[in-house]
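Two complexes come next, and they have one chain in common, chain A, joined by chain B in the first and chain C in the second.
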Partner chain A sequence: MGRGRLSRILAVAANTFRETVRERVLYNLVFFALLMTLSGLLLAQLSIRQDEKIIKDLGLAAMDLFGSMIALFIGVSLVSKEIERRSLHPLLAKPLGRDEFFLGKFFGLAFTLFVNTSAMAAGLFLTLLATGRSANLGLVGAIYTIFLSLLLVVALAMLLSSVTSPALSAIGTLGLVIVGRFSDVIRNMREVVPGAPDWLVKILYYAIPNFRNFDFKEQAAYGDPIPLSALGQVTLYAAFYVGLALAAGLASFRSRDFE
Partner chain B sequence: MKWRDGLLVLGLGAAMVAAQVWLDQSRGSLTAGDPSLYLWTGTQVKRMVPGFEGLFADIYWLRTVQYFGGQRAFAQNQRFELLYPLIDITITLDPRLEIAYRYGATFLAEPRPVGAGEAEKGIAILERGVAALPDNWRLRQDLGFLTYLFLHDAERAARILDEAADTPGAPYWLRTLAADLLVKGGERQAARRMWRQMYEQAEEGIIKENARRQLRQLDALEGADALTALVAELTRRTGRKPASLADLEASGLARGALVDPSGTPYEYDSTTGKVRVSQRSVLWRP
Partner chain C sequence: MEAPPVLKAVGLSKSYKVGHIRRRLRPALQGLDLEVRRGEIFGYLGPNGSGKTTTLKLLMGLLRADAGEVQVLGRPWLDPAWRYQVGYLPENPYLYDYLTPREYLDYVGRLFGLSSRERAERGRALLERLGLSHVAAVPLRRFSKGMLQRVGLAQALVNDPELLILDEPMSGLDPVGRRLVRDLILEQKAAGKTVLFSTHILPDAEALCDRVAVLRGGRLLDAGPLSQILKLDVSHMELLAAGLDAARLEDPAIRVRQALGERWRLEVEERSLGAVVRAVEAAGGRILAVQPIRQSLEDYFFKELGGGSAGPWGGAD
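Right after this comes the complex of A and B.
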């Protein structure tokens, strides 16, 4: 990739980041901070010795849930908004390729999610420290895999938004995210539907993004170490799937007629 | 925003607060609600929250503690029918949540009005805990304690405590306690040791308070037995049973006020010569 190409992608990414900040996406951090503070103060009294686990569970689940919502709703509107506002035409008239625009949008939102997840992680660690609890390395591993899953949600949202309307792509992405969390049910589908052909089960299992792969919340909550090999495997899976979704999205975006 | 809009918002806000105050006054601020469960098994809940099982286990555990505490403290007619399903959902969602097995089993097994009076279910919860966390000696210890204290099955309890003693990290006294259970006549001492362990291991709260009360009950029973022995001694010396505990006090055999640890006077049956804990005492149990 040439230097000029990279700088154009980064320029679009920086612009996308500024745009998402202007849209007050990071306001969810205020809610998260309140949630963490209140849970830190209240849970010790309510839960009988489970405050540390609950703070970790709550923090990780909030990162996963809020992050997925931001990734989904901003992800589907990234490209479509530029088309609706007709701001895409002057942009593409400049020396900016469609693929640079598309990838720049992806990296811009990815950076927003990185900032969002990092701030939430800092809030979680601070809450644990303030309540005299320990933070472990497993927690960092679980947060990292949540971030990877958010990148996958963005890539899927951008892929679907490049082929259909924003509303349909939002529904489609949400469907994929939900179904992807039931990957164990898909794998064991024949126990419930014995007549389902094996090939169909296999196609569904491998084609639908497996969001279960990214879930290390339980290990982190109990302070179990997460093996580096497991993190490496998940990183590879995310890289391949995100790459696939972006490549397919790019192919569709390149061939799309905006007139 | 015009001043009229601002006034409207302020007025409605004040009215909302007034309505809440009125509601609290008429219903009481600490009333137990009418709790209900829409999903009754852990498997159903687990299927609905993939990826968030840990968080939902926490939520159900908080509900369990609130439900149990609410029924115990505030309900007019205690009802514990949601207790078992709540614990079942919690431990199905998170089979490693040790506290839910330990406290949940005690909530279920303790006789009413302290607990739900369902010892078998409490023991079933602990058995699931032992299966899920086989290296956890505390769960086996609690299983042995509850089997002895509420099912009164000394042989089975001793076997469970022996297994607990074999678990890595288990304390040495589990094996001696298991042996004590099989010695006839040592029931009260064994029970005292169990409640003492529960008291020392528990955090401040329901379980510790309950263990403290059980120990005081045992003190009260031992006090009554000691006084019965003194009545027998006085009978031997005088040739007749004392008419009241005041006679025992006057004889000089018993010193101090003849009250149980809660300060309630003991009751005396002059026909049998037995002293017992008064039904008026908070330490009385059937």
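Right after this comes the complex of A and C.
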């Protein structure tokens, strides 16, 4: 990749990050995530010997839930807004390729998610510290896989935003995330719908990313270590589906008209 | 030898898909041939819906052409090198409302690969030229339409382009803003740059353009120097007279009488000019000017486009 190309991608990424930082909705979501993490302190006092698990459970769940909401929100709104409001028109007339713009957007959003996840993780670690507990590597691993799942959400949101309206992309991305968390239901679909063709079940199962693969919350909450090989596999899995979603989004973004 | 054109389009065509259930194609531009020469101000005229914006978006790559070839600054359209030397202002530009003009120009400058010093210097100079220095640090969301248009112009000029393409640059501007844009266009020409702008504000085109192209229903109706398009009407003359009440003149050779404050503008048949001049003087008036009647762009538009199916000002671009 040429220096000029990289520098333009970074310029778009930096501007995207600046836009999200100035978007107040994000702060609200991060605030609620931190509030939910802190509420673990109260719940922990009501339980016996389960305080650490409850704090970790709630903290990771908050990170997953609010992180997904943030990824969905920025993934859909930031790309759609550029298209709908035509703010990309002056930019695409410059020596900025459509692929550079699209990738720059993705990297900017990815960095935003990294900062948000880091902020929420810091909230969780501080809560644990306040109760005399400490974070273990398993917890870090679980946070890492949540971050990977958020990258996938944002890539899917960008893909759908490049082909349809903001409302439909939001519904579509949400649908994919929800269905992707119940992949086993798809695999066992024929038990409920015996007439469903095998090829259709297989296509659905492999086309929709399985978000359960990113879920290591249980191990982390119990303090179990997450093997590096498992983390490596999840990283490759995320890279494959993020790459696929970005390639499809890019193909659509490259060929579309900006009226 | 004549210099190669700065911009050349051959057979450029574009159709839009319309309808939700039964998709069909609506032609927006059909076989456009266009040539813009170095150092000229070229006006791209036509009523709403005639295909002006479609053409400019095709040139800038925002739309994909169905057919046709384009060369910009001697390079094929697909070669991105020409983009370093072209500036583009879209119609009613929307710019990031969370950025300030200074930040926006810095961002745009980065896309051209300018160094941080160059970006800072050009940004400062452009903001000053466009009268925006005092709001350089104010978010664009607080800007009026006219001020946004000025920032839009600044971003189009950030790379000091050889060719400036402006889509309706005067739209939504107050008289001061219009004057500023007109001066900027003339400055570009004086610096040897080429300007192509679309407009439906005909007096602006008349005052600025060396050559114009007129579009109707997605087809090129006419193109050339204004003097060629706006033909002289040699059979009638225009007289400017003062010191009389021309309404009282009873001369059938006078076909138009128009009061302009203290003065009168009269249109008379060329062969009766002498008689009308004598009649004015006999009535105690004096002749201030006599000249052949030149058709205005507005006359041209109403004559050439008035009978169109969409009417002269109907539809949408």
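In the analysis below, the second predicted complex is superposed on the first by the 245 of 259 C-alpha atoms of A that agree within 3 Å, B and C clash if a C-alpha of one lies under 4 Å from a C-alpha of the other, contacts with A are read in each partner's own complex, and residues count from 1 in each chain.
What we mean here is this: a residue touches a chain if its C-beta (ideal position, glycine included) is under 8 Å from a C-beta of that chain, and two chains touch if they have at least 3 such contacts.
Values in this document were obtained by computation on a predicted structure and should not be read as measured data.
Superposition of the two complexes onto chain A shows chain B and chain C fitting side by side, with no clash. Of the two partner chains placed by the overlay, only chain C lies in contact with A:G4; chain B stays clear of it. By the document's definition of touching, of the two partners only chain C reaches A:A93; chain B does not. Computed from Cα centres after superposition, the angle at chain A between chain B and chain C reads 150 degrees (steps of 10). Touch criterion met: A:E218 reaches chain B, while chain C stays clear of it. Shortest separation of chain B and chain C in the overlay equals 20 Å (C-alpha atoms, whole Å).
The touching residues of chain A, counted against chain B in their complex, run 43, 46-50, 53-54, 57-58, 60-61, 64-65, 181-182, 184-185, 211-212, 215, 217-218, 221-222. Residues 4, 7-8, 11, 15, 18-19, 22-23, 85-87, 89-97, 255, 257-259 of chain A are the ones touching chain C in the complex.
Of all residues in chain C, only 16, 57, 60-64, 80, 83-84, 86, 88-90, 93-96, 98-99, 103, 107-108, 110-113, 152, 155-156, 159 touch chain A in the complex they form. Within the complex formed with chain A, the chain B residues making contact are 47, 50-55, 57-58, 61-62, 65-66, 94, 96-97, 99, 103, 203, 205-206.
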